[in-house]
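Per-chain numbering from 1; labels A, B, C, D and E assigned in written order.
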Amino acid sequence: MLTVFTYSEADGLTQVRDMARIRELIADKTHITWFDFEKPTPQETELLDIAFNFHPLTIDDCLSPRHQPKLDNYGEYLFLIVHEVLPESSERDFKTGEIDIYLGKHYLITYHRPRMRSLDTVKERIEKNPRAIFRSADFLLATVLDEVVDLYSPVLDQFYRKVMVLEDQLLSDQESGKNILNEIFTLKRNLSRLKQVSALQIELLTHMIKDGYDEILPVSIPYLSNVRDHLARVSDLSDNYRDSVASLVEAHLLSASNKANEAMKVLTVFAAIMLPLTVITGIYGMNFKIMPELDWIYGYPFVLTLMVIVAGGLFYYFKRKKWV
Amino acid sequence: MLTVFTYSEADGLTQVRDMARIRELIADKTHITWFDFEKPTPQETELLDIAFNFHPLTIDDCLSPRHQPKLDNYGEYLFLIVHEVLPESSERDFKTGEIDIYLGKHYLITYHRPRMRSLDTVKERIEKNPRAIFRSADFLLATVLDEVVDLYSPVLDQFYRKVMVLEDQLLSDQESGKNILNEIFTLKRNLSRLKQVSALQIELLTHMIKDGYDEILPVSIPYLSNVRDHLARVSDLSDNYRDSVASLVEAHLLSASNKANEAMKVLTVFAAIMLPLTVITGIYGMNFKIMPELDWIYGYPFVLTLMVIVAGGLFYYFKRKKWV
Amino acid sequence: MLTVFTYSEADGLTQVRDMARIRELIADKTHITWFDFEKPTPQETELLDIAFNFHPLTIDDCLSPRHQPKLDNYGEYLFLIVHEVLPESSERDFKTGEIDIYLGKHYLITYHRPRMRSLDTVKERIEKNPRAIFRSADFLLATVLDEVVDLYSPVLDQFYRKVMVLEDQLLSDQESGKNILNEIFTLKRNLSRLKQVSALQIELLTHMIKDGYDEILPVSIPYLSNVRDHLARVSDLSDNYRDSVASLVEAHLLSASNKANEAMKVLTVFAAIMLPLTVITGIYGMNFKIMPELDWIYGYPFVLTLMVIVAGGLFYYFKRKKWV
Amino acid sequence: MLTVFTYSEADGLTQVRDMARIRELIADKTHITWFDFEKPTPQETELLDIAFNFHPLTIDDCLSPRHQPKLDNYGEYLFLIVHEVLPESSERDFKTGEIDIYLGKHYLITYHRPRMRSLDTVKERIEKNPRAIFRSADFLLATVLDEVVDLYSPVLDQFYRKVMVLEDQLLSDQESGKNILNEIFTLKRNLSRLKQVSALQIELLTHMIKDGYDEILPVSIPYLSNVRDHLARVSDLSDNYRDSVASLVEAHLLSASNKANEAMKVLTVFAAIMLPLTVITGIYGMNFKIMPELDWIYGYPFVLTLMVIVAGGLFYYFKRKKWV
Amino acid sequence: MLTVFTYSEADGLTQVRDMARIRELIADKTHITWFDFEKPTPQETELLDIAFNFHPLTIDDCLSPRHQPKLDNYGEYLFLIVHEVLPESSERDFKTGEIDIYLGKHYLITYHRPRMRSLDTVKERIEKNPRAIFRSADFLLATVLDEVVDLYSPVLDQFYRKVMVLEDQLLSDQESGKNILNEIFTLKRNLSRLKQVSALQIELLTHMIKDGYDEILPVSIPYLSNVRDHLARVSDLSDNYRDSVASLVEAHLLSASNKANEAMKVLTVFAAIMLPLTVITGIYGMNFKIMPELDWIYGYPFVLTLMVIVAGGLFYYFKRKKWV
């Protein structure tokens, strides 16, 4: 589906559906035009080649949506790939969709397979106040990028809540073993992915701001710079969260070693006290004919006393070692 | 609340309360003026737009105080965000508040929600000696930043004391398990945050010193450079403390493994000595009709001697292995 | 074996077998020529020196195929070494073969010992549509590099599947001890190698794109840039997989420490409950003449009850400690 | 105490004590003068302000000696802070003292609180051969820095010896637990500090060499470069030693886990062999009226044989598992 | 011992022994001369000062051979320090010797204490074909450096073999405890040293290639570049091997924790099965007058059956937990 918005100070906003007019708009420098390709048909995709005459490598990139964010300069236009967070994405499965973007001096082309929430929002904002958005093609792009980046915030919040939940579970001792480890490592991997995607897009924006492309007007720089600041926050926080997760793993190991020590001490104290007593009772349970102690009147109390002394002595010894 | 101080060599210091005069001061190049917005009302905030005509993105940043420190150049003025340590901040919960700053050639604007201790101090210093502070707008800014950075030192000291306390607790064996881990990881996270905030502000100051903005006079550079040196110390020390905390965790693991080994050895020695004795006593506790040893006159002393020899032999063996 | 393809707009594609014509082609600037040396004989290799007059260091590099990817500029021509994934390569044994490449303005020379799949594919594509490939010598090179880099993708997929298999094995507890460790560390080493090879080739391509060599036409830059993007994906993903493998090792350690704790607790509970019971039975198994309890009518039930109470008490104690 | 040496080709070396002459020397471009402030009195410190007219920020830095090494350029003069190793410094407590230095074209000022060994050495060398040292103010500075850096070598040697001692103690098994950990982490922290101080001073020297200050003559560059090489060695070696210490900690953990395994195996073997024997003796120690085995003539030898077989079988089993 | 080779197209190669002629050669721009100082006497060393008039700092460096590789430019000549692998060096004790080198436009000076294998090889090659080597002073240097770097390869191979041996030992379970740890950490330290030395020499070569010194002719650049490539391989491989060693340590820890778990489980199963049986036999070994079971006809078989059931039940329980 191809949606085309065109705007000029004189004519205001028009949504164009007539294909002939669409082809005219490509060369029309008096209008600013946004071509949005959503779930494009092969015929629509062909327009990129036939009508716009874009470089075949960029069209290849549009057709095979498995690329990292990037920015290529083809002189007449810039070609960008940015990643938007998909609605089904969560902290368990962080998923982004690719938007391929061509930025010319008088047009913006967005090309994407799934419906994108950011673009829907931009369309709504255009319909409310076209003049505020259609200042220039690059300002339109800055608006799109702003909405794309805004969608990273809820994901960050999800990650943050998950970190908190895991922290609680680990420190409150309710570890369910393998499951929690699985969740920790899934979280870690998704945070790495988030960090990577945002870092690549920060780089892309830095190039747009610094490299002085003709397509980017100086007046739009603060808006792009603002988008980059938001992404920098995403990137910094995902680093922070990854540190927190790493600390969780460390804390888990430390608390496991503490618990093992405690169990070991309990075991040692029990065994060390009980085993000598067993030996003592064993001795007087032997069936030798001649065992003088057995005939003593106070033999039994004597042995019981001995056992209490041995046990008490060992207990006192471990007490002093702070094992009990 | 909007506080306005204006100063000129001729007129000296005046605190202005009349709104009409305030509006005049914006364009008055013969005076240096400081506008301090504290807990600003919406009407006061509107001044930024209407009276000063600042870029809408900077006003957005003022309104939503969740940004990292940064520096943006808008030609006519610089826009800075710096972070001050809040009084309720501690090593358990490191908290900073945002001060948004506009620096023009003849004015300084500070915009912040909570009352800021640094700005109070600057106001006191101004009232004592306005001439020393109002040399230029950027010198006024350097003074503000100096006071902001000074407030990081007590926090660093708190962190240092906490590291020392944790070190003592861990090495003196009084670990209370989970609590201490919690404290260690809280400390680590706060030190990371401190490091991040100071690193971003060092970067901001480096840009102010190096990038040759019109608003920064050469004569103020040493003062900004001095502020940066203080921040560099904060940043270096927070790195050091983080290393110390990491060493603490390592030390804890090492000492835990030492203790586990010790307990394991004690257990092994006890079990290895007592279990054979139990078997021996068990043998002579059996009720077989025909057990010649039971009838020997010296059967009992013989078995006791045997037990002493077995126990002594094993003890000697473990002694040689340095387990006891 | 030396295969030579030459092409000009006028004459179209010719495969040359006549050695005299081959020597002519070296200087012929009206044709674009590709010389492919496969398992070259010493006589063929000599051509590099005699006919092409290449720098002896480059010929040394061709003869001793143990180099890292690199790019050297010899003014008249560029000398490149790139690495292709060999067909026998797998995630257990990642193997690459070296292609030495000379790029002049009108010729491309590829020199390699084993048969290379990428070059076979390029030959097929040339035979189908020579015009599309023989635009220029550097475009031909870009095509070769594209095919070389394409062969990294299946290896990446193999690595990915192996990571998944190891993850399943480790988390499903079917560790077969040493074997799985061996596989993990083999995988890690091969991922490091993949990362290293791709990083070096990214650097090489960056130089080709940025350094403005005469042999590289501006029109070919996007194609080289495209190859570099693919390599960047290989490099990023191999980093990701290495992180995943590192997490696996960590997960394994964590789950091992969990299991050790569990076993330790089971042991402690058993020993702590059974050892006191053994002592009790031992006491009443002693053979003292005078042991009043033995004569009590309810002595036996009393002791059994005592044992139940002791065992129950200890069990309740460990239950409250959440050890059972 | 203020010591002043002044030198000119014509007049040779003079030590000046007369305050009036000292003030003259500040402006005297025909002499090279070294002003050394040691444990300066407030009056002496005031000279920096009144007589030399130095920037107030540098005087602040002199008065509060808690700075990292740094270099500031004030146009007329350079201001440096360098750190000298104090004599009471050791590998247990690495301590440096601050020397604040002003370098003008015709003078060098050193300002420090404790007596500094490096400056004493320079004074001795001056008295022996003033001409060799007073080539220029910056050569004098290079000489001072050389002596300062020379004092790092004995500290490095101390650190090295300590690493060796700890290595021996750890690997020879004489760990005294907490003490050695304490020493390891103290050493690590001091090595970090040494690394940090030397890295900052390398940076300072690099600026002096590269930035082309008027105060630094080209002919002095090799001498400063030589000082930097020495510091680079200090920095590299302190990195090496830190690696060694980290390896020590790792080695300790590994050897602890080896020992725990060994102890665990000994315990397991003992328990696994002895416990079944205890059960067997327990069985024939039961007092059932009807137990046919008890009446067998060879009952007792049979049971003893059974016990030997059980023990031998288990021992053989553990032998094959290489646990004994 | 001072060996002097001089060469010119006209005169061919001459080995000069006459001291007067040697002094002439220093200024003779028609010859290329190599002065090799081996185990130099103090008189020979003095030549550097008196005859060549080199900077005293470089002579100091020659006299105290404890420097890292470096390159200093003294205008008229370059001064280099490079490190050659000594023949007694092995993977247990990696040792390098220092060669101090002066490179002028018409001469090369090598100064070293021990005999150096690389220089011997160069001398042999000179005697076979002086023309191939004496193209220029810097080509001679490139030849020397090539031979120096070639000697790193056998050391790398030794390290590789050692890594393989350690891998086999660790994974085949024949750990001899402390010894193997000692070897691992020695290997790691030597690999670090190798990495450091090669990295510093790569840097040195990069400066020679990039900085455009007068002493380095463009035609020699490919040869220096070739030497750098070899060093890069040394550096990359030593990184790889260090990674492998680190993996070994990790593998060792993992396998140790696996073994500890296994031993723990065996112990737990044995103890958990045997201890209850001991209690049962203990009960019926008590000597109470009234114990009805003892008088039952089937008391003994009943108890035996009970014991089998208890043991079987526990065994089945641990079987299901996969502990046996």
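By our rule, contacts are C-beta pairs under 8 Å (C-beta built on N, C-alpha and C of every residue); 3 or more make two chains touch, one makes a residue touch a chain.
These figures come from a predicted structure and were not determined experimentally.
Common neighbours of chain A and chain C under the contact definition above are absent.
Separation of chain B from chain C in touch steps, taking the shortest path, is 2. Each chain gets one centre point, the mean of its Cα atoms, and the points for chain D and chain E are 25 Å apart. Chain E has its Cα centroid 40 Å from the Cα centroid of chain B. Those residues of chain B in touch with two or more other chains are numbered 173, 253, 257, 260, 264, 267, 271, 275, 278, 282, 285-287, 291.
Chain contact topology: the protein chains form a single closed ring, every chain touching exactly two others.
Order of chains round the ring, from chain A towards chain B, by the touch criterion defined above: A, B, D, E, C.
The touching residues of chain E, counted against chain C in their complex, run 171, 173, 222-223, 225-226, 229, 232-233, 236, 240, 243-244, 247, 250-251, 253-255, 257-258, 260-261, 264-265, 267-268, 271-272, 275-276, 278-279, 282-283, 285-291, 322-323.
Those residues of chain C that touch chain E in the shared complex are 55, 57, 60, 66-68, 70, 72, 74, 173, 175, 177-178, 181-182, 185, 188-189, 192-193, 196, 249, 252-253, 256-257, 259-260, 263-264, 266-267, 270-271, 274-275, 277-278, 280-282, 284-287, 291, 293-297, 299-300, 303-304, 307.
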